[in-house]
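Below are two complexes that have chain A in common, paired first with chain B and then with chain C.
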Partner chain A sequence: MAVPPVSTPSSGFSRLVRWIDYRLPVFSLLEHELVVYPTPKNLNYWWNFGSLAGITLVIMIVTGVVLAMHYTPNADLAFDSVERIMRDVNYGWMLRYIHATGASMFFAIVYIHLFRGLYYGSYKYPRELLWILGVVILVLMIATAFMGYVLPWGQMSYWAATVITNLFSAIPLVGNKIVTLLWGGFTVSNPTLTRFFSLHYLLPFVIVAVVGLHLLALHQHGSNNPLGIDHRGPQDTIPFHPYYTIKDSFGLCVALLVLAFFVFYAPNFLLAADNYIPANPMVTPNHIVPEWYLLPYYAILRSITFDFLGIPSKLLGVLLSLGSLIILFFVPWLDTSRVRSAGFRPVYRWVSWILVIDVIALGYVGSQPPAGFVVTLGQIATFYYYLHFLVLMPLIGKIERPRPLPISIGTAVLEATGRLGTARPAERH
Partner chain B sequence: MRQPVLGLLFAVLLGCAFCGIANAQEEAPAPPHQQWSFEGVFGTYDRAEMQRGFQVYKEVCSACHPVKHLYYRDLEELGYTEDQVKGIAAQTQVTDGPNDQGEMFQRPARPSDRIPGPFPNDQAARAANNGALPPDLSLIAKAREGGPDYVYAILTGYKDPPAGVKLNPNMYYNEYFAGHQIAMPPPLTQADQVKYADGTSATVPQMAHDVVSFLSWAAEPNLDERHRIGFKVILFLIIATGVFYAAKRKIWARVH
Partner chain C sequence: MTDLAQSQVPPGHYGGTRRDFLILTAGALAGVGAAAAIWPFIDSLNPARDTLALSTTEVDLAPVQVGQRLTVAWRGKPIFVDHRPPEEIKAAQEVDVSSLRDPQPDAARVKKPEWLIIIGVCTHLGCIPLGNKPGDDRGPFGGWFCPCHGSIYDTSGRIRQGPAPLNLIVPPYEFTSDTAIKIG
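Up next is the complex of A and B:
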């Protein structure tokens, strides 16, 4: 397919559009990036989650902006203003439940998207910066979600804010100063709430900017694909529209169905009951548990129950918890295999699924009171998490013998559908 | 690409296995499940039940517990007419002002007023209740693990303490309360504690069930509307999903 240069308005445009496009080439840009954009023809449904994450971000921003019109960021009024939204604002309950449940959906989608990248080696040359920008988005999302969770100023909001901000006190020398700065005082209080509200409104737009860079990097070399081999020409690709616009629309409908089920029939399933009790600095909840999407980091944090090499356990826990995210930045260089897709890597394929189990185990550990068996499991799972990235990933790339790769996407697709008349790939290899 | 799906299933199953181990370690007895009219996809609040529940709240609970997120006008949702709500509101005196003399004054409550609580502040509430603070009830059905089942279990869970358990002064034994010692005296103690206008026999389980229904509405007043809209939204999305899937199949037929 011949792709027109960006500055040439397509002949299909009307005169008005051509007039604008000659001066401000937004229409050519959209056509180039969303219509003719050549996309591998063999993307499976795991590739739906990128655009799905983008749409969820828009849903979160739209509902969030409207909620902010009715919310009062003040320690004495915040809880009641949320209840006011739930009871007296027209469809306020729907906005809030979409926003609260949407946060969970956003993380679920992004975690699947991230794992898809890990499994199919989407971080490998030449997509290292694309991957790194994705991890930046994840870090920003975690910060945004944490601060958003504080805003209803319920018991769990207050105590999560206390526990998490206190972690910074583990930093040697400047830790306590940083905590005071975060709090805007000497305890979690009104100044903490107002600055969290301000940042919670700011960061999503920073995420939008990084998403823009993420897309720019993506469109530079195009999408990876389940075979992990580069596309070599027009026979390997199809235009984004209508093939992937329709596929993404279908995926979006399914995701909205899941969201609608939770919003309308189980809106409080993912919310903590304690957060319907107004924040009370004098009463600590029995179990302070973060939202499910932060449980693995929380589990790593609490798994370090011992000092190591003179590093206090608290600091080490904080470092390892943060490190579990930071290590993702280095994945493009930790993986030594040249083969992108785990589908052709007999050992790594299973190891990457064990990582999923490991992270689920960490999530479970994070949700339980830290005692007995749970602590041991947390330590094993934390150890394995680091073992995966620091040892298994570099080592397997060196010793594993990958299966032979197909010659091109086009032939692989034709073989899979049996039109080439040759043996099926599984028999040939 | 069938392998990733299999792998995912495998991972989820193992995850579930871990959670199974977890549930074996529960401590406090889980509140038994009760039947509620508002459960399920088509669940709605039962107006008659909620009116009885409001009566129980008014005559029993409201002696100590506020419902501070509720306004008198909200009571129309229980099935009362506008005039009935005006009448209910007018039974209570509220403080208004300052007037043009700069003084606060008492007047009968109006539908636009919040339902006032029994105490002017938390300190007064504690002073009247041996130091314990009766919690606000407008969100109680959502603010406890177990929700309505838990509130019902507390209301009906008072027992004589088992042998060997020594209660602290002014505490009562309750099977479902964490630590079993609760500062709230048994609120529903005998049948016919309230006299229902609709002739329903006011047994303790009946009163508890009614008041929990009322409190569930107080915590989530938009549930009926939520269920109604949700049904339409999901129906629409199912159809849209089908249409998009068919379109996707048709368009992709050109590639395969």
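Up next is the complex of A and C:
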């Protein structure tokens, strides 16, 4: 009994592959999801960032696993063990720089991926859970990145850990008990470091699992596309392989070139110099800033300098900072427009770009010492961030008049390339 | 089974079956059991006994000059010891207590007016305020200034401006002699 006489979708498989596939259908799964998988034929380069994020996650896990073999999670030894990786371990400097710079690249890619979803309405029916899983991944990434940043046990590591864990002290009644629980002591100390190391190793694999669910939800209804209309048949789609495998590979090459530039020519461009000073619980650096990808949340946290409705400013800052992430979970229901793509929404299109400017402004505010004009700018930008999601998004969907949508992806593509003959209208969208 | 359970329900009786009761009580007990099983894992993250058993810190105040500020470590945290000159004491005592965010008279924060003993950890997000070393920025109230988010403390370590909600905390301590204290 060698090969079962069942006709599989993969008639080109060898006998061995068919023998395995009959019992464990991994090959037909891969063929179904990565080869023949029907993909809208009009995806632009903004759609590269999902697969890029996945590959970056793999890079982070591979470099991280090897780094963990050389790293010592102990408050007395951690800093020196990182320096040993940099100086003595073969290629240790490269692995660490890839891991540290890769974290920045991961966030850059994921933020672009997130904005693409916002702009093209990829969170709308029937992709609400796909979007929510994506926000879950972002939250897990932030937690992982924060704990990873603590591990070198430099001054910035130590004080970032102190400031961020102290956020929980804003919780009424039990706040200080929770902070002591997080620390395992009376300050950020050795127990804190060892538990952060444990979780920093665990969470990436949790992310892998959620990415699996994210892909499962994605492949249920397929990718959204720049037109934001559903594909209705083979004339609207092309197989994922080779068309998008080659496009994603090209994007990957560009991303790896950018990563290589930073790793080999500017490895410390995104790192704080203060983190090359060993952690000192007795001295706080004069200017604490988080990594660039957390600056907007940090800016919101610091912008609340006043009590409001009896809520102390400290608690309110923490709530609004966390809220800026939580609000993303509700975006599928905050956006009331039925049109997915902002390309057909004359008002929302510009409003969504203003949000980008607003978030960049928040990032700038987070990087500056909190004084004078910066505080005011931070308060305006925080207000606008919430205005965008809570007022503009629901309101514009109601009052805006979207431009007419094309009949199908297929016809729109043919119009765009001028191959539809006389049917081409004077103005295309 | 299902038939049996349902047959015990009188017609028109919607109050739930014996099976519902068993499911609810068994579920509740399982929930309590799960919570009890989770607790050791959570509590293991709390400070261990050796961490709790951290010793007290003794400080000899004799060499500290008037106007000098000293930093010592207690439970891994910095303790600010301030030998306050008369003008600082006067400034601290003359403040209208009701105007403070965390109202506390200076007398409630010291055992001897010339010695202010406080935990040097900003009550906002845990940074170490500046002002304990010569040449540091002490802020407009002559006390301490936190560089992280701009909290300003006065010469009694009370919050005067900025985001911190509370005064710098006074640790438990006692004078073991006229010129020595034991913290903890």
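The definition used in the following text is that the second predicted complex is superposed on the first by the 414 of 429 C-alpha atoms of A that agree within 3 Å, B and C clash if a C-alpha of one lies under 4 Å from a C-alpha of the other, contacts with A are read in each partner's own complex, and residues count from 1 in each chain.
Please note the rule applied: a residue touches a chain if its C-beta (ideal position, glycine included) is under 8 Å from a C-beta of that chain, and two chains touch if they have at least 3 such contacts.
Only a predicted model underlies this, so the values are computations on that prediction, with no experimental measurement involved.
When both complexes are superposed on chain A, chain B and chain C end up sitting side by side without clashing.
Centres of mass aside, this uses C-alpha centres: at chain A, the angle toward chain B and chain C in the superposed model is 70 degrees, to the nearest 10.
Once the two complexes are laid over each other on the shared chain, residue contacts for A:41 go to chain B alone; chain C is not touched.
In the superposition on chain A, A:408 makes contact with neither chain B nor chain C. Of the two partner chains, chain C is the only one that A:189 touches; chain B does not reach it. Touch criterion met: A:254 reaches chain B, while chain C stays clear of it.
In the overlay built on the shared chain, the residue A:286 is in contact with chain B and with chain C. After superposing the two complexes on chain A, the closest approach between C-alpha atoms of chain B and chain C comes to 8 Å. Once both structures are placed on chain A, chain A residues 286 are touched by chain B and, in the other complex, by chain C.
By the touch rule above, chain B contacts chain A in their complex via residues 1, 3-4, 7-8, 10-12, 14-15, 18-19, 21-22, 41, 69, 74, 135, 138-139, 142-145, 147, 178, 219, 221-222, 226-227, 229-231, 233-234, 237-238, 240-241, 244-245, 247-248, 251-252, 255-256. Of all residues in chain C, those touching chain A in their complex are 42, 45-48, 51, 54, 71, 73, 75-78, 124-130, 146-150, 162-165.
Chain A meets chain C in the complex at residues 159, 162-163, 165-167, 169, 180-187, 189, 191, 195, 281-288, 302, 304-305, 312-314, 317, 370-371. The touching residues of chain A, when paired with chain B in their complex, are 41, 44, 46, 80, 83, 86-87, 93-94, 119, 226, 238, 242-243, 246-247, 249-250, 253-254, 256-257, 260-261, 263-265, 267-268, 273-274, 276-277, 286, 343, 349, 353, 356-357, 360-361, 363-364, 367-368, 373, 417.
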